[in-house]
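Each chain carries a letter (A, B, C, D, E and F) given by its place in the written order, and its residues are counted from 1.
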Amino acid sequence: MSKPQPIEYKDASPEVKAVFDDIMQSRGLPDVNNFWKHLANDPRGLKRTWESVKEVMAPGALDPMVKEMVYLAVSVTNNCGYCIASHTAAAQKAGMTPEMFGELMGVVGMANETNRLVNGYRVPIDPQFE
Amino acid sequence: MSKPQPIEYKDASPEVKAVFDDIMQSRGLPDVNNFWKHLANDPRGLKRTWESVKEVMAPGALDPMVKEMVYLAVSVTNNCGYCIASHTAAAQKAGMTPEMFGELMGVVGMANETNRLVNGYRVPIDPQFE
Amino acid sequence: MSKPQPIEYKDASPEVKAVFDDIMQSRGLPDVNNFWKHLANDPRGLKRTWESVKEVMAPGALDPMVKEMVYLAVSVTNNCGYCIASHTAAAQKAGMTPEMFGELMGVVGMANETNRLVNGYRVPIDPQFE
Amino acid sequence: MSKPQPIEYKDASPEVKAVFDDIMQSRGLPDVNNFWKHLANDPRGLKRTWESVKEVMAPGALDPMVKEMVYLAVSVTNNCGYCIASHTAAAQKAGMTPEMFGELMGVVGMANETNRLVNGYRVPIDPQFE
Amino acid sequence: MSKPQPIEYKDASPEVKAVFDDIMQSRGLPDVNNFWKHLANDPRGLKRTWESVKEVMAPGALDPMVKEMVYLAVSVTNNCGYCIASHTAAAQKAGMTPEMFGELMGVVGMANETNRLVNGYRVPIDPQFE
Amino acid sequence: MSKPQPIEYKDASPEVKAVFDDIMQSRGLPDVNNFWKHLANDPRGLKRTWESVKEVMAPGALDPMVKEMVYLAVSVTNNCGYCIASHTAAAQKAGMTPEMFGELMGVVGMANETNRLVNGYRVPIDPQFE
């Protein structure tokens, strides 16, 4: 009983259905992912999160593929299994090739390594970076 | 006495000087950053890390600006102050505009938020992402 | 052979049994959770951890439901699946409603987001917060 | 040149001023914190973040003091110095006493400890928590 | 006013003084570190934490230098500046040489890197490790 | 289709086979772990990572068992399930006893706890640690 359950479209309130409709239309998909079905337990949180994600991930100064790769880089750093799976798929759909994925993992791994070397050696910031 | 001290070029061993020379030449800079001066306390670690960074950050399937932004995204997620300062500068040098930085922070913030919503709601991976 | 195995009550040493008895009595449960059964591989660690948890989670200036929600917030931030499951159940038992859970996730998500915005923008502490 | 600079009210665009006005009015303060002044470099991000924070931190099923303590618990776990300073102040303003702070730190510390014990012992989820 | 203040020995309650005395005697030092002076704001937390640290860090199956290096490895991973400084000093006092420190940082950096490669490539556990 | 797939020895390119051969010979094993089979999707990353791991984990000022325990400590802190499983096995092979594992977990847990107490109490670094 303690585990949050997904809310399917047919069982959703009009408020939730409206958000689901906007997601499906914006993404061109016949259904929403499990993420949105679970968030639907908190209708205001669902609406707020979707509107923020929609705005943040829209094409702008950065193109969508770069945004998806950054999302993936953060998710890999935080070890969010669901997020890694869904944003790998989204980045691939936006154009990420296997070569790009390999290089992305190289950068993510190296950044996580050197972040700790900096911590351990207590490196002070060079004046030109301030 | 306990804090690691930087090693300046003039005080470095030939082994360390060779790595410093390669960094300065590759980057077109008259000196190396504090990061390399501190790592020089472990000459093998300095050489290994520089060779890996050089290979990972070289232009490839991803362009250098995107790589620097991914490095920055990871460093922001991990809260590495030195790395945030140095890779913001590197990304700017590679072409990141203030608008790109703003959007990058938007994606990094959103990814860190939704990573936790996924954790808390225990969202199972959709079959199409496997 | 490498994976730690749980120790069941019937197989436990008197030292471990004494801790298990105290846990079951304090919590009003007929058995202890998998967490305690695994920790029992290190009897001193089991005793030390239980005594600390018992003291920390006891009613005090903060009531038990708030304490369980804070425990859950940390576990969600760290992505500890077992801890999320067990402390969601404990918070629910202590009175957390679905509405409270939704708001809790909202705060946890927002804090994880703004923590990174602060890092990326390198925001200095306002004098009044020192 | 690389470090993001704060934008003061007098130098802000009308779009940013409108958000600053809403923050000052909602919080009953004569100026906004450094956090908002830095975020103002990205006007849409400023607006989006403020609207989300305002909604998430409003009184609801959880009272504001509990929300501020959860925010603080996450910030302490992530080691965000600015966030720890500002949300300690906000929690105190909302009623957190020194005793509550001491107990809060106790729970945050214990959760961070046991999260890792669970990881290291690879504890499987008990059926009753699913 | 919001920032926790250290409690000096001369201003401490008898309860706190007793813990301070035990720390100074166990460590052979004329005063306690800032960590303990700050924790003294929560006398029960001070006592509980000291007793746990004392037990955990005592010589046992692992010698004290190894324990201090593990403590340092975790602190570097979490980027806790105070903890890095104090446990580098403690590890040095227990025998850690500059060469050992360099190798330790190498392992910590590599583990943080490969942890993320594993996440990104979603590597399943080999049967022999179960 | 989106999930990275392992590359088996028989299907590997000569470049990948050469790395696999070196791993098997160095470790005295008849096959490589899933980690290397997945990394093989990025042949340069595979080679770079293996050469770094080989150098970092070789006997030196620190013995291999200590290095494996530090690797495990980092992996437990980051909650990398695969890494915890594989490095527990490697540490056991290198001599780690159940008593050592119990003490290691004690130190890792305590460090993760006190790291957060330091953050929350905003403890300044003592002059003698600088």
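Here is the rule we use: a residue touches a chain if its C-beta (ideal position, glycine included) is under 8 Å from a C-beta of that chain, and two chains touch if they have at least 3 such contacts.
Model, not experiment: these values are computed from the prediction.
A.B. asks: What shortest step count links chain B and chain F in the network of chain contacts?
C.D. replies: 1
A.B. asks: According to the touch definition, list the chains common to the neighbour sets of chain C and chain F.
C.D. replies: A, B, D, E
A.B. asks: Would you mind checking which chain's C-alpha centre is most distant from the centre of chain E?
C.D. replies: It is A.
A.B. asks: Measuring centre to centre with C-alpha atoms, which chain is farthest from chain B?
C.D. replies: Taking each chain's C-alpha mean as its centre, the farthest from chain B is C.
A.B. asks: If more than half of the interface residue numbers appear on both sides, call it same; otherwise different. Which is it for chain C and chain D?
C.D. replies: same
A.B. asks: So the centre of each chain is just the mean of its C-alpha atoms; given that, what is the distance between chain C and chain E in Å?
C.D. replies: Centre separation, chain C to chain E: 21 Å.
A.B. asks: Averaging only over C-alpha atoms, locate the centres of chain A and chain C and give their separation in whole Å.
C.D. replies: 27
A.B. asks: If you average the CA atoms of chain B and of chain C, how far apart do the two points sit, in angstrom?
C.D. replies: It comes to 34 Å between the two C-alpha centres.
A.B. asks: Which residues does chain A have that touch at least 2 chains other than itself?
C.D. replies: 2-4, 41, 44-45, 48-49, 52, 55-56, 77-81, 85, 88-89, 99, 102-106, 108-110, 112-115, 117, 119, 121-122, 129-130
A.B. asks: Chains as vertices, touching pairs as edges: which of line, ring, star, complete or other describes this one?
C.D. replies: complete
A.B. asks: Over in the complex, which chain F residues touch chain C? Could you list them?
C.D. replies: Per the touch definition, chain F meets chain C at residues 79, 85, 88-89, 92, 98, 101-103, 105-106, 109.
A.B. asks: Within the complex, which stretch of chain E touches chain F?
C.D. replies: 3-4, 33-35, 38-39, 41, 45, 49, 52-53, 55-57, 60-62, 66-67, 69-71, 73-75, 77-78, 80-83, 85-86, 88-89, 97, 99-100, 102-104, 106-115, 117-119, 121-126, 128-130
A.B. asks: What residues on chain B touch chain E, complex-wise?
C.D. replies: It comes out as residues 1-4, 41-42, 44-45, 48-49, 78-80.
A.B. asks: What residues of chain C sit close enough to touch chain B in their complex?
C.D. replies: Its residues touching chain B are 72, 76-77, 79, 81, 84-85, 101, 104-105, 108-110, 112-117, 119-122.
A.B. asks: Give the list of chain E residues in touch with chain C in this complex.
C.D. replies: 2-3, 44, 48, 52, 55-56, 129-130
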